[in-house]
Amino acid sequence: MKPSPSAPSRDFAASPEAVALAAEPIVRAALLEDIGRGGDLTTESIVEPNREATARIVARAGGVIAGVSVAMLAFRLLEGRIGAAILAGDGERVEPGGVVAQIEGSARAILTAERTALNLLSHLSGIATATRTLVDIVAGTRAKIADTRKTTPGLRALERYAVACGGGTNHRFGLDDGVLIKDNHLALAGSIREAVAAARVRAGHMVKVEVEVDTVEQLQEALLEPIDAVLLDNMSPAMLAEAVRVVDGRVIVEASGGVNESNVLEVAHTGVDVISVGGLTHSAPALDLSLEMLALS
Amino acid sequence: MKPSPSAPSRDFAASPEAVALAAEPIVRAALLEDIGRGGDLTTESIVEPNREATARIVARAGGVIAGVSVAMLAFRLLEGRIGAAILAGDGERVEPGGVVAQIEGSARAILTAERTALNLLSHLSGIATATRTLVDIVAGTRAKIADTRKTTPGLRALERYAVACGGGTNHRFGLDDGVLIKDNHLALAGSIREAVAAARVRAGHMVKVEVEVDTVEQLQEALLEPIDAVLLDNMSPAMLAEAVRVVDGRVIVEASGGVNESNVLEVAHTGVDVISVGGLTHSAPALDLSLEMLALS
Amino acid sequence: MKPSPSAPSRDFAASPEAVALAAEPIVRAALLEDIGRGGDLTTESIVEPNREATARIVARAGGVIAGVSVAMLAFRLLEGRIGAAILAGDGERVEPGGVVAQIEGSARAILTAERTALNLLSHLSGIATATRTLVDIVAGTRAKIADTRKTTPGLRALERYAVACGGGTNHRFGLDDGVLIKDNHLALAGSIREAVAAARVRAGHMVKVEVEVDTVEQLQEALLEPIDAVLLDNMSPAMLAEAVRVVDGRVIVEASGGVNESNVLEVAHTGVDVISVGGLTHSAPALDLSLEMLALS
Amino acid sequence: MKPSPSAPSRDFAASPEAVALAAEPIVRAALLEDIGRGGDLTTESIVEPNREATARIVARAGGVIAGVSVAMLAFRLLEGRIGAAILAGDGERVEPGGVVAQIEGSARAILTAERTALNLLSHLSGIATATRTLVDIVAGTRAKIADTRKTTPGLRALERYAVACGGGTNHRFGLDDGVLIKDNHLALAGSIREAVAAARVRAGHMVKVEVEVDTVEQLQEALLEPIDAVLLDNMSPAMLAEAVRVVDGRVIVEASGGVNESNVLEVAHTGVDVISVGGLTHSAPALDLSLEMLALS
Amino acid sequence: MKPSPSAPSRDFAASPEAVALAAEPIVRAALLEDIGRGGDLTTESIVEPNREATARIVARAGGVIAGVSVAMLAFRLLEGRIGAAILAGDGERVEPGGVVAQIEGSARAILTAERTALNLLSHLSGIATATRTLVDIVAGTRAKIADTRKTTPGLRALERYAVACGGGTNHRFGLDDGVLIKDNHLALAGSIREAVAAARVRAGHMVKVEVEVDTVEQLQEALLEPIDAVLLDNMSPAMLAEAVRVVDGRVIVEASGGVNESNVLEVAHTGVDVISVGGLTHSAPALDLSLEMLALS
Amino acid sequence: MKPSPSAPSRDFAASPEAVALAAEPIVRAALLEDIGRGGDLTTESIVEPNREATARIVARAGGVIAGVSVAMLAFRLLEGRIGAAILAGDGERVEPGGVVAQIEGSARAILTAERTALNLLSHLSGIATATRTLVDIVAGTRAKIADTRKTTPGLRALERYAVACGGGTNHRFGLDDGVLIKDNHLALAGSIREAVAAARVRAGHMVKVEVEVDTVEQLQEALLEPIDAVLLDNMSPAMLAEAVRVVDGRVIVEASGGVNESNVLEVAHTGVDVISVGGLTHSAPALDLSLEMLALS
């Protein structure tokens, strides 16, 4: 299953060089973190340098794949000639027992990179799977499922990509590509009016401004200013529906706070445009994957 | 609550320089990942440079804290004079609503570093909390709860530290500081005897050798060789108990595979020395923490 | 003279740590580029290690200062105790012969860092000066003067800051924080409609979409789509005025192409919101500054 | 037109590996500065991954090219298979409308790297063009046109190369590969004699020693010492001519200070060996270049 | 001659990627250290870019080779197409005048990388040669010759590899992959008992614990604790023999301190398992090697 | 004993910042190489975080010290408040048993950094000692003892500094700050005349040109060209004396090849200006130093 139209993925695999610029430093660092200064003592002592092998990455649980070409990079950074056939690409669903990829080449490189590759792929696919679950639940509503900045340090670009693979959409990348005025900012600024005015001066004409509000009164105050979006924080479905009515299509409406599988549909039915969910990136369990050796030539 | 005797933590906070060498590059990279090239547009436009503030990190759920000094580093890297009082140190339990730390200083720095600090602290405390749950369950048995190499890329050192904060013990760091001969190695080596012999030649006299076995027959074969530990993979409690009897104290016995809250005590009662659990680091949900502004001076 | 309300500067000097994260790597690399592997042979052989001195950075030509605290960092990275009194801060105008800063401390560090400090300060002040010239010319119109991505490799953040010091505003930082659909994109997309639709799916709700148009027909086509801004490329003042009428305030209007001191006012009078000028960053001559030793203690 | 015999260029294009060591880190950093953490939103959403295209880099103004292979590297770092035909190599002159290079390959990579490539090439070609203008003016005299350390931070190696492409010669790279005793050094050393003696002890037998002098008296004092060159700072043509007579070929004579197109020939006619010009690197306007898409396959 | 069974080498040459991860950063930094910012002035001015040449690395003295593929990497990083035929591989002995490798390709790259390649190869081969000398002396005894942490900063991984090429074995890599309790630790811990107990808690079940002792009394005290090895520091042969008797095979016995060619056999005859020698890595003279140009095509 | 007038040392300790720029990256990398990813298991488990101690670095053999402030940096990078009293500074001689420095502060930091500090200090002091031996032998002649590019990869700057501490002088740093035309260059250039002419064009007016010659005929040929120095390679003392006569003071005369303690005086008596000795940096044995704990508070 390809990613839905609402969440096309940036294809890291489009060219090896695009992968190199974006994901390679992370994969390289992860390999070095595992291999350390002394090398893979077990594999190097037991496996002949020229031994070739074929292995498969197999799903032990069902889910949505993300990061398979990133995982392949772990093998290729150790041995450039390793061949990889991807059977379940990013955004595709696998069933338990399904084969994600088949790898052929140096047995040493396969064994040494195995854990690094699986750690990356399991983590990203866990995020894609959690995202897809919510996306499927709200299918048919206008709501998009979005990520937040509650990501794992060092992995935000990859985790956002995984959200896209699961059919989600991406919020701002960080503090520098969008203005989001939260309660603490408002407390320091004095008023929504002053805060928005200051942000408009600083931010440049290509930057959007969003304001977080807790009440309908705040929302009405915010709508008097030149803003692009509102973030409705921790509101009940009833309040959300009221807020959507008040906004009446003038700005983008985002809901956030405590959303999960059991309440996401109710939130979506309030008519909000975007539902952002921190748990997609900070608490999604890893997808259970393993590497199995096939033929040993 | 201090870490139990079975899991003393390496104190990252012992000196600022020790933190600098170990954790600072991770925190710095995480800050830059969030701040980007353009700076915190919202805070810099709304908050005066000289504005001071006081904030608290508050637990929204109960758990065990890990990484609080690492989180404080996020603030201090932005503004060296920020003061921090740690109320719940690494290894200590917090109840819902409990205050983890109080921070005073530049309002800008507090707001800009907030998400980076919380992302690190929530992630590590989630791991410590999951570990402590298992450690408490097996209290009174001889079993230690250990981590695995199934860690998040780039964060292994911090995640291992979090496991220690939760009362767990650490397995080998990576591929270079211990030999662990797994099924795929054995398939390539021909026999346990050959594999262990090769590893002994390569590894140096300070390196331990562990062999993964699936059956009691394999276990008996392994015990004929000069090994230090056995990893019993995915065995039932009954098989584990039998294996413990066969080993009879000659080597360390580690159990692994599918261990969770509901079955860990049964595994511990088999008499194994170590129970290693990948889920501690790859699937523990983040601990829910928030930053609340107090006084605005 | 402080930066005008339309161009508040991000204050790099707010805290040493903010400077460290943003500008320090650039200054450090620039110092190493000049000092090399062998050290400052001249200064180290001639000047005693403990010799103290006082020096002034003096403007040989009039202009607007940008980067003075960045320049001071060059001295402080060599010798932390160097004192600096800034007499003309970022955004302020200096007349020929005016003193920008006075520096006191290690004579060696002052001499060794002199060229690095001046190179940075002259370059950034040259940009601020060129920007201020255009900003002053269009004062009283609605037009803001903006930078482009035509910056010097490695210095974009600092150069954008210099533009702000000169009273300009910043366009998108790079390719990832705004969509700007240009003629080549359109040729590949088939139509403005298809291009905007594709961008809207990919970009997330916090990203603005701008379309470059060459003709009023294209402009009208673009205005049918959900866009935030139009870039009028290389249009005559008459065409610009017509375009402003067509847009009628629905989206932001940006003019670009061949703008300079002699024609910028005419462009501004067409009623556009933003005038972007590549020459601010790729061709502004350096501001002539020198370091003069005062007392030698 | 190849670089003249007086300024052979170091050929960065001689081997891909030589480029990798010298220029690649700069190009890579420039690409990342533009692409950021989120990718080229516009291109990735609009252009198909497998779309191929052909483009030309065209000069909008006449000038001398420098850095064309460096610019090609920007494309190749994104997509290794991009083909490039260089029509105007480094050191060659292009007329307005002339084609510098033709590029074929991934449309995505061409669009994403376009600005980075043009920024580098325009900047370096601007320097080469400004250099060539002065070199051509002084053709027939003994004077060489040299650069200074007044370079753009981070780009010194490339800018010196551009000067060579324009027919100029290179001064010392930095503070560690030549001794240049300036007025401030002299003030601290007490006398030229003491300064030169100290430098001779420190510097090793392969390092040249140059002394900056403001008057003929200082010049005569300097010529009593074991020096290799004198720098005549901001002298009038008449003083320069007198100084050349005094030196009488014993050491190299360099003139510096306020040299430009209108006075460089007069300076050259005084008989000096080297004329160094800071403006070559700190104030040369960029050469106007653009990338034009040709066939879209 | 291949490395003896007691010292199989980790083959850096197994795949280019394995070399890239382990040795490439060192070789790249060494090249840049020599080439600097300005390039190889001599070679680039004298040798044509397209000139091809053939050269040989020749031993001027006899010894054991280590690092030949690392040395080849120096050439290949400058010019990927350089061909290299290795005539004396790592671990093999060369006689005076023997050819280690033949290199064909770009004359420029060969000349520019010559010194970097030779510096690495001479240094590592010097270590391998010194190791092999001791290993051959103790052949027939049970003693292995081991390295220590007395290595050259930045080169530990390569130097340990050189020791293995010389037939030696590797001690722990560093402070994190083995516990070695020395006299200073004991003074701070109070007793061997307390020190070992503390280390056992901290270290994890895969870490070995060794205790340094100076006397037989200390040895007996240490043997009461759960340790894996003892380090007999600076003991006479008679004391060593007594210690071996006391240990009686229960733990590994390592001797260290002042061992050299003249006394190593006597030490080995005491029956110790491991003899560690700091001089292998901190004082082995370089093996004299030179690069000779053959045909100039 | 301070360095002699012929070899003043660049004082790395002049300011902490100068050390930071030059030596800190090396020391930091060396610390991380030893501490690894897991920390100092022994010290962290046995020594209390707040334990203070006093230690001395003691010479076990006589020699000349180099790098003591670099070594102190190893301690301070772990714990900024460590106090150090330097009793034998760089360039000073210590007798066996002499104290080089006394260190007070965190016992953990002292023990963890001990080996890194000693490895650096022993290595550099070994070089200084070997240099001083030759310098003392040739005292009274005109000959200076110089280093070569035969240095340990990554340590050239520090090793050159150690040579200066031993009273030696420094040759060119690398390939970019001096032209040295060797036999292989000549073979490729055709003639000394052509080689020197090409180098003169390329190198800029601040670069010296030296030519290596094997015979008096070659020497006479070289002296016809505009060169600054000649390198007499592997000549006998008689040939050297003859060469000195031929040169007659017109250029600097350097002798190289096989120089050691037993023949250096004879070489010096030939009247050469510089004697360069590769063995100073590639084969000097480390100076034997140890760290002794004093008071344990």
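We call the chains A, B, C, D, E and F, going by the order they appear; numbering starts again at 1 in every chain.
The definition used in the following text is that a residue touches a chain if its C-beta (ideal position, glycine included) is under 8 Å from a C-beta of that chain, and two chains touch if they have at least 3 such contacts.
Predicted, not measured: the structure shown is a model, and the values here were computed from it.
By the document's definition of touch, common neighbours of chain B and chain D comprise A, C, E, F.
Under the contact definition stated at the top, the chains bordering both chain A and chain D are B, C, E, F. Chain centres computed from CA atoms place A at the largest separation from chain F.
Two chain pairs, A-C and C-E, are weighed by contacting C-beta pairs, with A-C ahead. For A-D, the equivalent interface within A-E, A-B or B-D is the one where over half of the contact pairs agree by residue number, namely A-E.
Each chain gets one centre point, the mean of its Cα atoms, and the points for chain D and chain F are 33 Å apart.
In whole angstrom, the spacing between the mean C-alpha positions of chain C and chain F is 44. Note on chain placement: the centre of chain E and the centre of chain F lie 23 Å apart, centres being C-alpha means. Chain F has residues 8, 10, 33, 35-39, 44-45, 156, 170, 173-174, 176-178, 180, 201-202, 207 in contact with two or more other chains. A complete topology is adopted by the chain contact network, contact being made between every pair of chains.
On chain C, the positions that touch chain B within their shared complex are 8, 10-11, 14-18, 20-22, 156-157, 160, 170, 173-174, 177. The residues of chain A lying in touch with chain B in their complex are 26-27, 29-30, 33-48, 51, 53, 107, 111-112, 115-116, 118-120, 122-123, 126, 149-156, 173-182, 184-185, 187-189, 194-195, 198-199, 201-203, 207, 279, 282-283, 285-286, 291, 293, 296.
Listed in rising order, the residues of chain E touching chain D in the complex are 28, 31-32, 35-39, 44-45, 49, 76-80, 106, 108-109. Within the complex formed with chain E, the residues of chain C that make contact are 33, 36-37. Across the interface of their complex, chain C is touched by residues 5-8, 10, 144, 146, 169-173, 176-178, 180, 201-202, 204-208, 210, 228-229, 252, 254, 273-274 of chain A.
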